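Both complexes below contain subunit A, partnered by subunit B and then by subunit C.
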Partner chain A sequence: MRNKKVTGIERLKVRYGRMFVLPWTIGLLLFFLVPLFSSIAYAFCNVSLVNDKMLSFVGFEHFKYLINDDPNFMDNIKDAVTSFVYSLPIIVALSLIFAIILNQKFRGRIFARAVFFLPVIIATGVVMQFVTGAALQEGAALSTSMGETESYSGIRFDELLINLGLPQSITELLSDYIARVFNLVWSCGIQILLFVAGLQSIPDQLYEVSKIEGATTWEEFWFVTFPMLGNVTFLVLVYTIVDLFTAFDNPIMKQAYDLISKNSVYDQSAAILWAYFVVVGAVGALILLAYNRILMKKWN
Partner chain B sequence: MKGLTLKKNLKSNYEYKKVASKVAVSLFRYAMLIAVGFTVLSPLFQIISNSLKNQSDFMNTSVSWIPTTFFYQNYIDAFHVMDYLKTFLNTVSIMVLSAFLEVAACGVAAYGFARFKFPERKILYALLLITILVPVRMTFLAQYVNFRNFDFFGITSIIGDLIGKDLTINLINTPFTFYLPSIFGVGYQSGLFIMIYIQFLKGIPKELEEAAWIDGAGPIGTFVRIIVPSSSVAILTVTILSIIWHWNEYYLTALYFNENQPLAVVLSGIMELIKLRGGDAINSHTGVAMASCMLFILPVLIMYLILQKKFIKSIDSVGIVG
Partner chain C sequence: MKNVKAQYRRYTRSSWGNFFYFFFLILFGLFSVLPMIYTVCTSLKPLEEILIFPPRFFVTRPVIDNYTALPKLLSNLSVPLSRYIFNSLFVSVSTTVLHIFIASMAAFVIAKVKFKGSQTLFMLIQFALLYNAYTLAIPQYVIFSKLNIIDTYWVYILPYLPSTLGVFLVKQFIDSSIPDALLEAGRIDGAGIFRIYYQIALPIMKPAWLTLALFAFRDIWSMQPAGTIFSEELKMLPNIMSTISAGGIARSGSAMAATVILLIPPIIVYMVSQGSVMETMGSAGIKG
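Our next item is the complex of A and B:
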């Protein structure tokens, strides 16, 4: 009698679960899987939109062209992957450091947090072009023909350093480096947020124990904080990989987008995107796998 | 006697070290804070300062941060160039509304994932992860084609074939390009929001729901009366993020909207627009562009400043990652 009732409830729960997930599943089909598979199809077909979306299968033609004949593709992909590989660890490390700082108690903490999260508000889109000056450089190219001589390119680190009286060669090196770090700091917003949330979920008892055991702050970080953040770090890695993948200044994205907006070539740009996706996906998967193997195993 | 002073010395030495390390840590902390504060705030201040400069200030190399006159004409020009009121209303009616729809739909889906076990759960969950891993920019082209000849599971085209008319709907240039995915919980960044909700729901005790079940509340009743009120913190986090990301989105919007464009799209082409609508009548193109940028940021910035304390507190307690 009792068993029957339980299974009844279980069955009801199955039904309710499906009910709650059903709208999302429909949406998934219509607005995710359909475009996903058709964009994969584009990469392997010739697409002509003139006569009502004609697809004709060509196999790996587009990819062959990209690898053998396209003048920019291989360089772009090399640039994209290198910048990806060096940005990822820096972003993760920086945001962890910032999150730990923000998690401590000090004067002005609320103000500091408000400032640190500002990039979340404005860095995800078009404003970033104004911050780095990219939007105006494109505009400047247009306006020179109009005889306008205003020039502006975001923050001028080189000028700042020259004013400090440093020699030219060092200034160039430094300003390049600073400009990169600057971009990286601006892409840390969400990651800091994730880490702060993760730090909050570490129970205080662990720190009390480590204090009684006489651990230094450094040991505390390596044996308590970092392992406890294992899952968060993994999530941050995933998020950063996806985020870097679609970064606004990414040469590959630009190439693909230009193909569409200027020449309305759909198939080629789909091929570019998927080739890039596979490469970055492989690199990202390797990084995640290495992380899981080396660090997670050690802690478990 | 000797031993006592030694002890004292040792103790003071130890305390001295402790104080020193404390000072070092707080020095390092403030150094970092200042460095980051500078990187984050200086571009903002620069945008503000440039938005108030006129052309002669731009040409004058001795003027860097503080303009000689506060040239607020830039803002008036920007207001006209962007057609601000109309564009602002577009943004609210398309993007912000879509954000709210998304917040609600993601909550429903997340509740299904977090609390019920059903046979298809695992595969759907895997698909959810895939939606996070494959950025919209991978598929936006196909998405565009999909919206241009929108076809509800092929049903519309079958009926269309029967009647002999083309019934597929062109959704391009309509807000439905954002509403529809949001209503179904697969809108902009939805995967991430569903994950946030799921992680949050895992942390809520089930007793209340079970009590509601026993009291005879149905699944929808339980969801509305128990789950929604107790996840207000997560809802706030997701709402803010969703509004902000929708507000800033210009990649898809630029593709979907030729007319009635939201602010982000207008801003991304602001230099050309200034030339087109303002031309020589405008004193400083850069100044007006900067003023436009400020007009774009201002609404979200105000929202952020108002909700900032709650938002940051909610991040502490949402435990986004469980």
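Our next item is the complex of A and C:
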């Protein structure tokens, strides 16, 4: 496909190419790579911002402490991985279902898409804290930084449900479920978009053929739609893994963030995040590998 | 040129199936808009309704007091409100524009020029996508202080510029929609690389950079850097939220009113870019 011959433009582009990437590369170096390697260094050192000598090497000390002595770390990592493992398939499946519905022709389709994309637009920072506030209160690091405000801002599903006049135990259970569904729906925005875009690139002829061959809607989904979405699904998986992995409401992130913001402990928190990175990275890689091996192979 | 044409499928289901589908859609759609509706409702509630326990979802007697109270509430800030508005707009717009140029230039080269290290750079991008900002906060702080830019606008702008999601999306988009032949043609007609980039590539990449604009604007608009900005006159709008909410529960109506106002700009940016976002995401999925 690609022309191997080095043409005029190729030569010219190589010469100026470096100039074009330069600003971005410098930025990446300064604000990503250097900090990345320093944070690895932090994880293996004692860090003090007061002394002249900032770092003193301690080896695996922090990791040993986390695994053997830290009261919360192991539980938090277990929680994070469990919720990661159950959220991932639900989010991917939900997004696919929404995308299939949203890809059909009906009045108000653009509006409906905007509705599902809305969380993506507003789901950042302070504004988000005020909009959802206590709705995500369970384990939400978001609201804690606002201190007292969390007590009255945002939706309190549990309090709103009192209006229904149900017994308290049912209200609590309901509000818990609502909060969970809420969390899941709010993490589907980008994924739905990716799936809708993917669905639109499947040629219509395939569906015509399958209809002539007498496939049911169900067969059509499994033998046409799903395989054709292979690459998109992979991208969605990657995106969801990253998203869940770096979510503010996961207990590990919260633990690390608290250490930094409340106690100014940088070495320990770097160690937490790196340990977590390794664990979740391994789980994520396993899922992606399994997906590639089992499903993609079957289709190709 | 590959043209991804929108193809929609007609209903093939029974009316019962349709009913079920749309019930499902509406139910979950509600989850997605509820917080917004609640925010707007609360911002219109008079004080008595805010203090009711248990709280009601909808407002029964809407008033605009919470909005009209805002100027007075914000009149005792140490810096005039207009300064925060200027900061927010200035930082968001300039960062977004710079980010679009830097990211699209880099993506253009990574996609179209095979030079030594371009593959490594792309690997790095994908790795960086996986990485979280919190871990980098402290080492970044050290770099800020070495560059001597703490407590300046640069603290907002610089760290966002090399963010890798942008380069990733634009590169995927270029791969799927700008053929080499088009650039060759530009070259033969005597255009230099800057003209090729600016006059040929940039217009074609419009959906991609509009998508970047949405993401960048959204992120920067609500940014609240911790510990790097001290001067009140350099802070952005989200900071005034804490001033308002310091008034306690009686002020929650006004806090909601301010939230509604703060949500307007990102929503406008979304409306401008919404068609493009879909197109860009489509190309992102093609190569996976």
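Simple rule for what comes next: the second predicted complex is superposed on the first by the 233 of 300 C-alpha atoms of A that agree within 3 Å, B and C clash if a C-alpha of one lies under 4 Å from a C-alpha of the other, contacts with A are read in each partner's own complex, and residues count from 1 in each chain.
Convention: a contact is a pair of C-beta atoms (placed from the backbone, for glycine too) under 8 Å apart; a residue touches a chain by one contact, two chains touch by 3 or more.
Note that the coordinates shown come from a computational prediction; the quantities given were computed from them, not determined experimentally.
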| item | value |
| --- | --- |
| Subunit B versus subunit C as contact partner of A:A275, first or second or both or neither | neither |
| Touched partner set for A:I101, first subunit B, second subunit C, both or neither | both |
| Touching partner for A:I77 - first (subunit B), second (subunit C), both, neither | neither |
| Touching partner for A:G27 - first (subunit B), second (subunit C), both, neither | both |
| Partner chain in contact with A:I202 - subunit B first, subunit C second, else both or neither | second |
| Partner chain(s) touched by A:S39 [first = subunit B, second = subunit C, both, neither] | both |
| Common ground on subunit A, meaning residues reached by subunit C in one complex and by subunit B in the other | 13-14, 16-18, 20-21, 23-28, 30-36, 38-39, 42, 97-98, 101, 104, 106, 110, 112-122, 124-127, 130-131, 135, 146, 148-149, 152, 154-155, 181-182, 185-186, 193-194, 196-198, 200-201, 217, 231-232, 235, 242, 245-246, 253, 260, 266, 270, 273-274 |
| Parts of subunit B lying in touch with subunit A, wherever the complex brings them together | 21, 25-26, 29, 32-33, 36-37, 39-44, 46-47, 50, 55, 58-59, 105, 108-109, 111-113, 115-121, 124, 127, 131-135, 137-143, 145-146, 149, 152-153, 180-181, 183-186, 192, 194, 219, 223, 241, 244-245, 247-250, 264, 267-268, 270-272, 275, 284-286, 289-290, 293, 296-297, 300-301, 304-305, 308-309, 311-312, 315-322 |
| Interfacial residue positions of subunit A with respect to subunit B in the complex | 13-14, 16-21, 23-36, 38-39, 42, 49, 53, 97-98, 101, 104, 106, 108, 110, 112-122, 124-127, 129-131, 135-136, 138-139, 142-143, 146, 148-150, 152, 154-155, 181-182, 185-186, 193-194, 196-198, 200-201, 217, 231-232, 235, 238-239, 242, 245-246, 253, 260, 266, 269-270, 273-274, 277 |
| In the complex with subunit C, residue positions of subunit A that touch it | 2-3, 7-10, 12-14, 16-18, 20-21, 23-28, 30-36, 38-39, 42, 94, 97-98, 101-106, 110, 112-122, 124-128, 130-132, 135, 146, 148-149, 151-156, 159-160, 162-163, 181-182, 185-186, 190, 193-194, 196-198, 200-204, 207, 217, 231-232, 234-235, 242, 245-246, 253, 256-257, 260-261, 266, 270, 273-274, 281 |
| Residues of subunit C that touch subunit A when the two form their complex | 4-13, 21-22, 24-25, 28-29, 31-36, 38-39, 53-57, 102-103, 105-106, 108-110, 112-115, 121, 124, 128-140, 142-143, 158-159, 161-162, 164, 167, 180, 183-184, 187, 192-194, 196-197, 214, 218-219, 221-224, 226, 238, 241-242, 245, 248-249, 252, 255-256, 259, 262-263, 266-267, 270, 274, 277-279, 281-288 |
